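Each structure below is given as structure tokens.
What follows is a pair of complexes built around subunit A, which joins subunit B in one and subunit C in the other.
Let's look at the complex of A and B:
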């Protein structure tokens, strides 16, 4: 008995030692990402099909990669969205992460300064077929003829709808579809009707502490009127009557109390789930979250719909869009680290369908055309976004700073702190000043 | 034997006495302050002049092709509506907070200048907030200010009142940040005043009591003159500290709405780290340095004059 115990203990020690040695042999790479932290729920989940939402799926994907890879360990570094200030500081101090998530709109600022590694050759060696990339995603990661990132998704701006409240407001047609406005008059009429019948605002909007809502909605309204506000990539033009009309529309929505007014992102996301308004204008990434919510008891129970941004101007169905991607930061990497980084990118490429379950559009044509993707909830309702999603021209520098300034000024006018004319002039002046001094 | 004739206006040379000892400057003594001087020069003087130099460059964070542009960055700053707005916001914030730090800090110190257990506990509680990080403080106050289900909104709803949108209103955003800041670091001025109050000899108050002086008279004629130097320290320290407002504004309001709560340091941060425009950010830093120096010196000279009178 004693001998048996000794043998078992020795076996355990040898096994533990071998595991430790194996772990020590793996190459560790740091991966900076946003999408939130949810270790409590998904910290040990390696079955990605059991994860939901952006945070859950990316956490499970990394767990799965770490469990399966025999050569690489990914060390996630979670940053607050959008994380570029931190990334900039880390690059400047010579300690960047190996891989970082990056919006496609931002890539050119970093790639033009030689801060990112071109990836064409690595992708070819790893067997990543760049011809399978959708046009939007390939354009998004290609700068000066080279691919600088692994595209991960295309995301756009759309309407999340509480069908239970829409029914109460009499805004559902015979086919069970939401009745949506086709012009600005209908928008106000339906929003007033909704408010009168439900006692709640038509819109839930993220108007506090971030500028994304203002910029993305305003850009979409300009695209719908075929306004080319960056005809010259070095100069923005907001002096058109269409821009004035779009901003006045947002200001009117605010002054007529047709929207929630003081919610930040977290508050507005939970406010929609709590049934405090009819329409939440936000992005593709919440589709899966709200779809799951609609399967539970609560204000969204069996009553969630999603639709592309309704065309309320007669010009075009185009809508604001961007994409998440993964970049390899230029630094003194060993061959093993670089190989590990590409191995992780290949894993993300192979698992792009799982990420598309969030609601984002996949970056692979083969997945978009697959029955599996088409079978996901609500994908028919937003199929048009793959064609109509519109990013700023890639020649426009400092796109994130521009969007911040634009959002601040649009927000000032919408909230009534400034006149529409003054806000448009200030936005134009500030952005053009930024571009005039941008290298 | 060496000797030297000293005359006014001439540099003092080392004089060797017959015993071998010398009078006058011995440069080896400078070694005593050398460690301090090295750090002072490397970490304060050098960055100061480097900053001044950078403010005259058109310089990008990641581009090594900086170009000398003279005072162009300063000219651009004074034509920048956002920057002018940040100066006004910052000055307003200093005016909102520094007098309150002095008044409430002194009141708390007077109230808690006792040796009983309750006072000791309250002193620890009031000072306790100062050890929190700015992130924790802003999370706490966000939960207080949230108009939907924040603590203040809930209390107002209990009384049937409409919740106030503190951080999304352009007129209330800066006062909201000021309240947060006062709550956060009121402990330090309180402690400084407490230390000063405990240095005042008890005999002075006994003599005043014998002369039948009122409490107000004792405070005005004994306490205030005795802590005047501490008050000067508190005022100058708080002026310098509050001009550097950043974290609370960045995390609570992001400078909005409509630039109503954006301080100078946030502007510098945004220009440097978001727009990568280091020369422009450096020029704004120099302006902030000048404003802080002028404000602190003005307070210093004004207080010294009063002390001399």
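Let's look at the complex of A and C:
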């Protein structure tokens, strides 16, 4: 018995030693990301199918990678969203992470300063087929003809619909689909009908404490009219009748009380779940959340639908889009570190379907066309967004700041703080001043 | 008769003042009570309506989730090191500078004092890029000195201590000099003990400021193992924490505020005196 115990102990020691040696042989790379921390729920989960939500899925993906890779250990470094102040500070202090998550709208700010590694050759060697990237995602990560990031998702602007209230308002067709406006007149008519029948506003909108709603909706309305407001990437142009018409439309929605008012993001998310309006214009990332709500008792019970932003102007079905991607920061990396970084990116590429379960759209055509993806709730209804999602031209710098300014000005016109003309002029002036100083 | 009416009138007046104070205190405490209440609610319920906070179920999961974050104790330790370091540094430097400005005679003293005071008018944001570059060039980011050192230049501390030293009669110095005490001995043994109330005031404000600081640690301590509690807590929030993780967010706020609350419990006498003193000055 004693010999057996000794043998077992010796075996354990050898195994532990071997494991330690193996771990020591692995190359460690740091990966900076937002999406939050959820170690309590997913800290040891390696089966990605058991994870949900952005935080859960990315945590499980990294756990799985670390468990499976024989050569690489990923050390996640979690930062507060969006994390660009911190990233810039890290680059300046000479201690950037090896990989970082980055919005595609931000890539040009970093690539134009030579802070990112181009990845075309690495992707070709690793078997990441860039031809499988959707047009939107490929455009999002390509700057000056080079690919600077591994796209991870496309997120766009769409309509979340409370079908129970739509039924009450008589806005459901015989097939059980929501009746949606095809032009601005229909939009106002249906919104008034909705308000009259339900006593609630047609729209739920995030109008307080952030600018995203204004910018994304306004851009979408311009895209629908084929307005190329960044024909010159160094100068925005909002001096068009189409821009004026789109902004007037938003202002009219507000003054005619067809939307909720004074709600911030959290309040508007809750408001839709609580059945306080018919349409919530927001992003892809809420699809799963509301789908789960529709399976419970409550205002959304068996009554949730989602649709691409209806085309209310003749022109195109294009819609605002951005995407998360992974970049390799320029620094003095060893061959092993670079190989490990590409290995991790390839792993994320291979598991893009899992990330698409968050509600974001996949970046691979092959996944969008797959039965597996189409089998996810509501995804078939919005697959067109992967084609129609449109980002600002990649040559436009300071896109986050531009969106902030644009949102402030559009918001001030929508709420009636400024006239439409004044807001458009101010937006143009402020953005062009910013771009004139952008290096 | 008139005297008793006066006493009754004064009694009513006092009660009205007391009622007003209670009302203001309740209004002030409501957000904190609301935060505490929400911190015990499941996130999924709060996403639909925060009104659910008034009825069960309640949970401790938001708090247990905080403790299961691998970095939380490290972040607490970092915050403690930084806050104590900043507080000690400010007390030492401000006392020395305050004594110098109040007692020592040297050329340009008043001009230098004005220059120090001008520091009160310069917001941290205005110098943060230059400061970041200096620490980058020194390769000091992600170290305790990098987080602590900028906090030591406290114009407020110098001003407060100068005024306090000035208020101490010079006769005390002269009496000590007659006993052959050196200038440092006078400072250390005679005057410094008399400034304990001011030191307590300054120490408390410095500690609270350092504990709650966010911007500088955010860009200097960029590695998770060097995060302070404010930066670490923020990093664990999901992208849509306000809607999908509200209970957790509130639990984080309570947790991060607890050490400050404890400091307040122990030093409330000094804090009240400090605030009252500042108002009188």
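Everything below uses one rule, namely that the second predicted complex is superposed on the first by the 396 of 439 C-alpha atoms of A that agree within 3 Å, B and C clash if a C-alpha of one lies under 4 Å from a C-alpha of the other, contacts with A are read in each partner's own complex, and residues count from 1 in each chain.
Please note the rule applied: a contact is a pair of C-beta atoms (placed from the backbone, for glycine too) under 8 Å apart; a residue touches a chain by one contact, two chains touch by 3 or more.
Keep in mind that this is a model prediction, so the values were computed, not measured.
In the superposition on chain A, contact of A:437 is made with subunit B only, not with subunit C. When the two structures are aligned on the shared chain, A:37 is found in touch with subunit C, with no touch to subunit B. Looking at the shared chain after the overlay, A:293 reaches subunit C, while subunit B stays out of its contact range. Of the two partner chains, neither subunit B nor subunit C is touched by A:104. Using the contact criterion defined above for the overlaid structures, shared-chain residue A:113 touches subunit B, although it does not reach subunit C.
Shared-chain residue A:208: touches subunit B; no touch with subunit C. In the superposition on chain A, contact of A:89 is made with both subunit B and subunit C. Contacts of subunit A with subunit B, set against its contacts with subunit C after fitting on chain A, overlap at residues 85, 89, 92, 264. Against subunit C, in their complex, subunit A makes its touches with residues 34-41, 43, 53-55, 77-81, 85-86, 89-90, 92-95, 264-266, 269-270, 273-274, 285, 289, 293, 298. Looking at the complex, you find that subunit B touches subunit A at residues 58, 60-63, 65, 76, 80-82, 146-148, 165, 167-168, 170, 253-254, 256-260, 269, 273-277, 280.
Against subunit A, the residues of subunit C that register as touching in their complex are 47-50, 61, 64-65, 68-70, 132-133, 135-136, 139, 141-142, 218-220, 222-224, 231, 234-246. The residues of subunit A lying in touch with subunit B in their complex are 84-85, 88-89, 91-92, 109, 113, 115, 207-210, 261-264, 267, 271, 398, 400-401, 404, 408, 411-412, 415, 417-418, 426, 430, 433-434, 437-439.
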